[in-house]
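Just below sit the structures, each encoded as structure tokens.
Consider the two complexes below, in which subunit A is the common component and subunit B and subunit C are the respective partners.
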Partner chain A sequence: MSSVVAFSVFGVDWEFLKPYIVLGLALGGVYALSGVGIVVLYKATGVLNLAFGAVGAAGALIAYWMVNHTSWPHWLAYTTCVAFGGAVNLLYGVVFGPAFAKRDPLVKMIGTLALALILLGIMAWRAPAGGAFVRVLTLPSSTHYYTVFGARVNLTQILALAFAIALTIVTTLFLRYTALGTAYRAIANDREITATLGVPVRRVEASAWLGSGLVCGAAGLLLADLYTSLDYTALTFLVISSLAAALIGRLESLWLTLFGGLLVGFVQSILTPYGSVTAYRAATPFVLSIIVLLWMGRRRVVVFAPSTR
Partner chain B sequence: MGAAHAQERAGRPRLPSINRPIIARVLVIAGLLVVALFVFPATLGGDWINTFTSVAIYSTVAAGLVVLYGRVGMISLGQIAILAIGTWVATRLTFATNLPFPVLLLVTGAITCAIGVLIGLPALRLSGLYLALITLMAAGAVNVVLAQIQFPNGGGGFTGRTDQPSAIGLKAVPRPKWALGDNAYYRYVVVVCALMFLLVLLHFASKPGRGWAAIRESEPAALAAGINITLYKLWAFALASFITGVAGCLLAAQIGQPNTYSFPTSDSLSLIATALIGGIFTLWGAIVAGVFMQLLPFLFQAQWGVNPNFLLIVFGCGLLQVLLSAPGGLTNQFPKDMANLGRLIARKVPLTRQAAFGIASILALIVGIVLIITLKSAPIVGIIVVVLSPVFASLSQD
Partner chain C sequence: MKSRKLTAGVTLAVVGIAALVLAAWATGGGSRTQAAGGIVGSGKASATKSVCGMGTGHKATGSPIKIGTINMLIPGVDFTTIAKIVNAYFECVNDNGGIHNHPIKYIQYTEQLNPAQESTLAHKLIESDKVVGIVGNTSFAECGTNWKYYEQKHFTVIGAGVQAECYSKPSIVESNMGPRYSDLGAAQALVKRGAKSLIVASPSTLSKYADANVVTYAKEHHIKGEAVPVVLPVTDANSIITHLYQLAGNGGGIILDFTPDTAPALMQAAIAQGIVNKVKWGSSTPIANEFMAKQFPQFDNKIFINQEFSNLTKKGPDSNLWRAVNHKYAPKVALQAFGQMGYMDAKFATIALLRIKGPITAKSYNNSVRTLKNIHTDILCKPWYVGNLPYHIPNNYDVTVTYDKGKVVVKDKCFAIAPVDKSIAQTRKWEKKYKLNTH
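Take a look at the complex of A and B:
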């Protein structure tokens, strides 16, 4: 350990805050990751997926079961978690996506609430929580430690942040330069006209569901580790932080979503050591989103949408 | 697109029409009230009466959703959080003041109304999706704050919380003096909730009701017609928060010492699901929602010994089924489908594919619930049947 001189900027002891910054950026990375998954699916299909957290939590529970109750190799458990996310989302998208395609965005969103309810019910039935019993799912990468700028960082935290940034870059390039990406953008503009032009709309949408599902499985796995315990209700409602990220990105910009996710994680974590606000730090996504909404709503916007059905 | 839109219009459930004989409706409502007020307390035991008290309270909460979504087209995912705020405010006020219960109800309603409006205000100018998101986040934030400050237990200060509750025992929120027993309090709650329903009905039948309907059909058209959109949306939010706050006050006095476990976050999702399943476009649907949210768990757990978590699965499947093939909910669809089924049996008229799958979908939901209850050793069979319901509903689409 190098001799670190405590330094202070704005009267804040940043040296003291370092571990919190690291954790905040790691959590923020996962929020950003989920946020990007939510925004891409929303742009391609118009579905704001509120079941994002529930699917990830269910995947993580399956991984937990495979690690602790079977002798199968651990990598298989982690792969299953990610694949489960993809499979569930794909199934939902293929069975119900077309039926919801022409409905109002609000109705599409409520449809995903149903998926969240079903998964919550299954999880509460098969894996009842409560009492002192706590499930912990530790990834092997969490035992590798590095020192970055004098702060102790484990590999999972680095992976979370790196994965978020990589996903944002890759998705941006994908949307801009590939044929499938162009199809996504076309569908986002007008589904009917895109179909007329010969784009297999349903297959393209299915691919969006699959992709966002894989991201959702990965996010569930990472959160189960970073969040210290695998509490499926908490994981399900951690979708709120990701939604805040998506909202800061105005459900449109991937880079703003990345920034929003990191901001939510950072602010939330950096408030931890301050006794007066620490208990309320989980309200950060709400506060940040309110600020963004006030900024967005400063001009009147009349929404030309078919009536809500 | 145009055709699909026209079809959606055609599939829209009829709003309660004026020409339906009003006397018949009043008689039905009066009859139901008499049964609820006099027959239930005389014939049912204490557990049942407590459950029906909760049914009335949660029906009122669902009525708030009927106003917001059924009339104005705004969805709030945070109504349970608003209910929790109402309960907290009522508890705090009882320990701080000596207000008579009816005044307490009104004051709690007013304060909750103000808080609800504050939460909804930033999103009112944006599309409905943002309001849904902001209310979901507000629900999360309220949970965080409540987990920290807890419900008042008779202490001082703003939070009204003390680590050393009085030696005589925990203070409880008192019920009105002439409604102390469970039966009497149940009657009191039913009357107050009926008044709340009446308040909502009066709104529907007058100027705000027409303004809300115009906004739901088309915001630009409503704007062009000179309707103050922000004002009427706020009004709807205020009304929903007010009746939810009153319900929160009733809930506080029902449980006496409320705690955070009474308001799990997943209840917000269940409330949306049951309100839509019951029928979001009429107040009857709100009553069905209350029954689904409170009576069914009671029946599952206390009467039949079945894990109530299955209900979440049933609610999820039912929600998908309703969204896909029956936007009017059970109160609208069930009579129609049964009539279809009756016609099929009586005349052997071939059904259209959509109607057949629609009926199959509702039947799967009901048969599934029955199977879950009867096959306690193998609930998975019932769950599989329930899951078929939304799949049939999706098949009944074009």
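Take a look at the complex of A and C:
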């Protein structure tokens, strides 16, 4: 049956590539999930949240502690992880959001970098990594395996992909058909005019921070499981792949962000068996986002100085 | 209206602060008071008992002797554990009379694989901090950056090595044999057990050096051999492990050369992909510890780890003292091979310090280091040495261990690392000629 499908990519047959495609899409689902969370916040507040990974990692560490050092039910640990993401983001948004509101996007972004570094510092202080000690946070869904095209995927991977798609659909509908969604879009267009129309801008922005934070907590939980060891530094910097997805979506389109996340995971995985490029797979998010940015800007003309003619 | 806003703001702040406090509290130990107990490492050294330095049981009160170190700390690899145990041993020495009543002050820096930073830190240690010696260095790149500078300054660094320069330059001597020879030891264990191929995966920064011997060894045994460089941190463990399996084939051998920061991701992926029983697994030293054994029962008697040192549970004078020092002075650090390296580095440096007649200076300390030979320890298969050699590989015999019901057990007793490259063959000639580890 498998021999019926006969196409080759770079001289390698479909049979050979199938597991990488499946595993890549599973990985890409999590990048997409994080990317969508980043874009929703950006659309509502103009803030590109670099702390997305750090907040998720901190939440996952709390969940790890609750699972391994208390007798509390595991569902409470997972819920706390998600709630932690929401609480930290909400706090940051409420305290610093108004102060940064009129600053340019770069300053807003650097503010979140500070949050990421503070959280990294706290995690390094309270949960030092290294040595023989390894933290592993395995979700119950990860013990259910399914074989798809020769690759084994677990239920968590499938849930991550499904969650990313569901989040994209729900958020798209939410932005289009609800009053709060309309307010998000209005604020994204012009914060001042929206405020003069009586929209409670701060409250609307706070809700965006909260929503994005909850997604952030959920992504942290899933990534901690899918990454298989709870390395908070690596989890913090996994935000790079999610940012690439968000850039592919031009920080605007949720569907393109979803596609971007899947593309990053797919390309990163499919390059694995190619000896000449496998060592450069880590550059996939950068390369793809650069290609997409160049493609999007292909019709624009850059003028460095007024014409003298 | 205003008060409602205020109440809401305060509530939010409280929720946020509570969340942060919970995070800080939940995520780890924090500083704890060290366990009280008897004086570790005191007494008289004998064939059955090791002590910390002079073993007097009295705190050293004189002016400090400065020793420094540079350890790599990057996402995916933390090499500060070695320095933590060096520090623990020095604290034990300081609690036992120091070096003729002078305590050792251990200055620790971390680097992030940045040559400029590595060079600056070496200069800072020697020229600004005025250390007399450098002990416990571990990095993917620091040996390469600084060996020449150490040579110019007549320093002989005692560390735990990773890259080629750590084992090919006169100014550096290591307590471990490093990934190149540890991977080879794992390859020997797998071939002995009938592996049909040898696929070795290492961090990309050291793959070329670390994996070459395995590929050569595979060729010598007429089986497929291939090295797979892996960029850290690993983000797609499932794809990588699938690739390794495709290369190895059923019945082939896969050698993982990673620290416990990275290896679990790949081992978990091997379990997820259902290939644990389809190949023979090997590993270099860093994952030979009980925490990993408990975490991965699926690999019981299926992974053959080259252990550059004695098994962690071995009874012996140095093994006993190392565990006691680890427990008392570094209780947060799990017992592991990195701890053994740190213990030995510190012990060898302490022996060199104690042998100095007259003032302790950079010159006298480093001269003393170079005279070290036939240093016995039950943590190594053979005595350790330095000597005036163009390069040093004093650790070139080791054991194979595996996981078994949460324990790490020995599978192959001390065996010689195969002389696949000429460095090992030459080293054994020097050992014989200069009687470096013969009595």
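A few points about this structure:
Criterion: the second predicted complex is superposed on the first by the 280 of 309 C-alpha atoms of A that agree within 3 Å, B and C clash if a C-alpha of one lies under 4 Å from a C-alpha of the other, contacts with A are read in each partner's own complex, and residues count from 1 in each chain.
Assume a residue touches a chain if its C-beta (ideal position, glycine included) is under 8 Å from a C-beta of that chain, and two chains touch if they have at least 3 such contacts.
Since the model is a prediction, treat every value here as computed from it, not as a measurement.
With both complexes brought onto subunit A, simultaneous placement of subunit B and subunit C is prevented by a clash.
By the touch criterion stated above, A:A279 is placed in contact with subunit B and with subunit C alike. Of the two partner chains placed by the overlay, subunit B and subunit C both lie in contact with A:I122. Judged by the touch definition given at the top, the superposed model places A:L48 against subunit B, while subunit C stays out of reach. By the touch criterion stated above, A:I290 is placed in contact with subunit B alone, subunit C being left untouched. Contacts of A:V95 after superposition on the shared chain: both subunit B and subunit C are touched.
Applying the stated contact rule after C-alpha superposition, one finds that A:L25 touches neither subunit B nor subunit C.
By the touch criterion defined above, A:L243 reaches subunit B but does not reach subunit C.
By the touch criterion defined above, A:L222 lies against neither subunit B nor subunit C after alignment on the C-alpha atoms of chain A.
Shared-chain residue A:L113: touches subunit B; no touch with subunit C. The superposed model places subunit C right into subunit B at 41-49; the other stretches listed in 5-13, 23-31 or 41-49 stay free of clashes. When the two complexes are superposed on chain A, the residues of subunit A that touch both subunit B and subunit C are 95, 119, 122, 125, 128, 233, 237, 279-280, 282.
Partner subunit B is touched in their complex by these residues of subunit A: 48, 50, 95-96, 98-100, 102-107, 109-111, 113-122, 124-125, 128, 192, 233, 236-237, 240, 243-244, 247, 251, 279-280, 282-283, 285-287, 289-290, 293-294, 296-297, 300-309.
Put simply, subunit C touches subunit A in their complex at residues 9, 12-13, 15-20, 22-30, 73, 75-76, 78-81, 84, 204, 228-229, 231, 233-240, 242-243, 246, 260-262, 264-265, 268-269, 272-274, 287, 289-292, 295, 332-336, 338-339. Subunit B meets subunit A in the complex at residues 1, 4-5, 8, 12, 69, 73, 75, 77, 122-130, 132-134, 136-138, 140-141, 144-145, 147-148, 216-220, 223, 264-266, 269-270, 272-273, 276, 307, 309-317, 319-320, 323-324, 327, 379, 387, 390-391, 393-394, 397. Of all residues in subunit A, those touching subunit C in their complex are 16, 19-20, 23-24, 26-27, 58-59, 61-62, 65-66, 80, 83-84, 87-88, 90-92, 94-95, 119, 122-123, 125-134, 136, 142, 145, 151-152, 154, 227-229, 231, 233-234, 237-238, 241, 265, 268-269, 272-273, 278-282.
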